[in-house]
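Let me give you the structure first, and then I'll get to my questions.
By written order: A, B, C and D. Residues from 1 in each chain.
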């Protein structure tokens, strides 16, 4: 309700501004007895962190998470897991130019309207830095959901779209390149394109595809809390996301029912999977797959005109260290949010079956 | 959490199966003192009800809502509004053929897996009949939000896509044709196409566009409960929806930041509106617009093979009275869910401003 | 949040005013496959209903519940259970005298202050009539919790206090007298006293004790959602309740730790049970017992002075048909709320053990 | 739902074990623009902290809170306030004796039953150390509710009961003695008695009375979320609490309606206040007052028998540094929880009036 919690039974509450003392969160409801692989958690943070490659922001944040509670002798205790990531590399002076003016297509203006004032440094709470807390919690959710496989990857950058269906991809190639596209040839082109865009001081959007396999049957609730509705909300809550589709998605609009319907095999699996693993809001045991559309990052390193608090036009220019394209770093965020949704429904579900 | 409630401060809980005694709901949190226009409520139900035109299901349900509480001397009292719509035209014998078998791409199979058994008549709880309760609550939400204008319309059926941007449309034409497309020429083509598809015993998908105008600034919460994330969840919770996009949406992926960014006017409005009226999850006072993708209805009047409870293949054929295309009747549902989201945030918001 | 729902996983939302068309509710989250004993549900309503004996209000309401959904072929389906009780015996003209004046110690005044106006007939939403919906839901909760025994009874009326500890009582005697006190001798005295008070046009308070046996170990959550905190909230949400204590309760204040501590037996049970079956907010498998204090009903059949909307003093006199003492009819309400709390925690708990 | 959050609009989520790295929380929903008096926050923590006087535990914890977010240039920003208190004085070796055995009337046994294992050091999550996080959040709530006066004090220790009604007390005397009883003579007796009990290695219970003044009219919701029901839950969620009563409380049971009813003055205030400032679950602008009963602390410094994990009897003796009587340190906790409840309802309420 207050807006900074996600989930019900497996619930994450986050706090923190881009340039405050720390960001972090409380993960409540994680079952007891899960052995935590701390390296795996840090590895997820490393996939998200700035400075990891030439095509992401060159800001350097070590992004080291400290756990304060809920884990004892290496295992979860069933009590809330409190954690923090201290901010160490805030260059707040980079942001004094936006103290009194509003960057176009950022949240600066609406924050001032809603709250009366704002922590302007680095975008404050509206910065995607908040998602580091989600990645920590998502990494724990993944360990809880160890039987499930959750893989996200970049399938489009600008107009460059990978045509290969996910079934033909080798997910182990996702981490083989800085774009996180499992088609190495396409990845190379995307990388070159992102560098070109960066050279212009500009930015570009992209699409992340996420695939969840080995999903139990029966997750999701019939009416409002449909599985794909929660997944959609989760994805749309990530900074810069403009759209979500699952299964046949927007393309399904142009299909006829006779072609779209997924015929059954005798074991309850289906021959096709236009449903995207979800029927009536409930998982059917088939692969769940969806696409998440990201707009181009708003901060561009070009001169632009904007307004200040008093409604005067001012000329300015983007500064700071920003991403020319957000999707490579957003891959672990998509996976984290997907894992949080699945963990919540996994706890809610009382009787589950897995296609074997 | 239990899955059949939507909203927090302006909260709807629904109940009811397609062929049970009644469907209905409890709308809790509606402020006191709102004069209810009962005709307007019934009118919204009429827009959704079956049998209203030649291109929707010919089932006849009067869909008359009875209010049980929360309204006194014509005005809301601030206490929960209980209501029911009695089911009067259940032809349950139409459904005995699906008692023991699963219709492809319906929820039959997953309900049996999740709950052990199901009310198979008419799809039970998974039927879109449940959305009539949403329309009732949404009609009241609209009356609470009287200063806001919420208009949805059909912008695509199959591959037939209306090109006109919403700014150039006359919304008063939406109800002038059974498709609910405000472009009369395109509407005629869509109508003919839907009839053709129905003649084949088949179904087709479509897209509904929704536009919200005169929206207060400051609605939406920063992190997880972003305004568009809640709108996305709301839309994805409607039967047959496969995708949601707002503002520039999926097309924004291919844009550069320099082109996508919305430049400010001196009064805080923006010259363009790729943001779709929402920045950082918070309304900025510009028009909010979004698209909702609907798949083709799964029930087709053609022979098909499926499986029964024991995993045997059975040959069957769709019966009953179904919609060849769901979007004309879904227009008031999209508006209702949009209104429920806005009413909830409207109550949550403490200080609001409207662009005048 | 909106105030008319209780529980999270096993969640009841109620609606209805005393003299509106109907009261009722939606019970969401009830597991599927429970065979509903409708007679048992009606029996609980009968225990609560007016006119059942000489010491309760002589209003006649048949209080027949209609189920609208969520039950198919006699069993719960896992979908929301919608139900209503139509109001048939409203004598609203009894209440015109309070339309513009405020009865002392009733909610009339605060409703007008909070909502601007109110449905004054019979107290509207503030009437204890709302609790009939709780009794319906509680009756279903009891059937879900069939292994648990939940018994409430009247242990005090005015200063007449039954001394016998619950362990020595025969709960089958509770229904043997109109007071619902399992000590027949004391019950007779209480009954005579209530009649005497009624004869004076006055009212008197009382205490209900509730005992829950065969409770699984592990129900309740550590910090805020302690089992006894939810039980306390549940009881305090019943009309006219002024206090709640469990285990040693207020008397425990004067005990020393050496005397209060419950020593263990080897099987994990305890020799004494000052803890009241709950330690650290979590059930330990011992009997849970608690007391609920009810104030005297505010409506007295005596002349009194009060104020009207404009702050003028007016002389008036209670009318209508009211209870001289609320506790006999509140016994099934206490049991219902206790059952709702236990059902919610029962669903939340993942691994449970029962003392055998 | 997951159990470690309190409130809806003004929501606290806490984390932390007694001897973990840190305790803390996230306070979400605090309005923007509140100037935080950090000294006042620390002062509340000091009132709760161990080692503050001769009659509380001699453990030394500086209990210094660090704020991580949500406050910028001394004012709240409207975003979540993350904070932590690092644990510095854990003497965990004091607790190895309870690693495999269960202290009577502690949560040790039920934690092992519920979670399979536990952080046994200092009681882990079940320790009252968690309440320091509540005190931090409550101190901020108090600053938000600056027009309201919230005062709690010790009114009973063992059988020593202060007779003076709160109206005749000078609340400025509460902090004048280590017991926090505003009657200096009674305070001296209580202090001597607590020392005597401590000398026996024993513990004793007590009662805290809380008074809230200058409360807006209209706080609280009609059915389940009655103001006193939430206050009751809040108080019962504090460690060692066994009972709650408000207004006339348990004593009201023996009163007649004619005597209990609060007659109106012409301005809507009442001549008496048996209602305790709440009618029908909604504040009426009169003082709210309630009592909270605390049992004697379970840890006694005497030899006792208990069982180990395998059900063997073991002889042991309380160690560590414990409170002989919990109520002096619990006074700020009661105030904090009261403030959290009021802040939540204050945000929920839409139209409020204050008696002037």
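By definition in this document, contacts are C-beta pairs under 8 Å (C-beta built on N, C-alpha and C of every residue); 3 or more make two chains touch, one makes a residue touch a chain.
This structure is a prediction, so every number in the text was calculated from the model and none was measured.
J.: Could you label the chain C-chain D interface same or different, taking same to mean over half of its residue numbers are used by both chains?
T.: Same: most residue numbers at the chain C-chain D interface appear in both copies.
J.: Among all chains, whose Cα centre is located farthest from the one for chain B?
T.: D
J.: Once you find the CA centre of chain A and the CA centre of chain D, what distance in Å lies between them?
T.: Averaging C-alpha atoms per chain gives centres 39 Å apart.
J.: So, what's the distance in Å between the C-alpha centres of chain B and chain A?
T.: 26
J.: At what distance in angstrom does the C-alpha mean of chain C lie from that of chain A?
T.: 46
J.: Which parts of chain B, given as residue numbers and ranges, touch two or more other chains?
T.: In chain B, residues 1-5, 8-9, 14, 79, 114, 116, 125, 222, 348 touch at least two other chains, as defined above.
J.: Spell out the residues on chain C that touch chain D in their complex, using ranges where they run on.
T.: It is residues 1-6, 8-9, 14, 102, 104-107, 109-111, 113-114, 116, 125-126, 130, 156, 158-159, 197, 200, 202-207, 217-218, 221-226, 228-230, 232-237, 239, 242-250, 252-258, 260-268, 270, 274-276, 279-284, 293-300, 302, 304-307, 311-313, 348-349, 351, 353 of chain C that touch chain D.
J.: Residues of chain C touching chain A in their complex?
T.: 1, 8-9, 31, 79, 222, 347-348, 350
J.: Within their complex, state which residues of chain D touch chain A.
T.: 1-5, 8-11, 13-17, 20-26, 28-29, 32-33, 66-70, 72, 75, 77-82, 84, 114-119, 124-125
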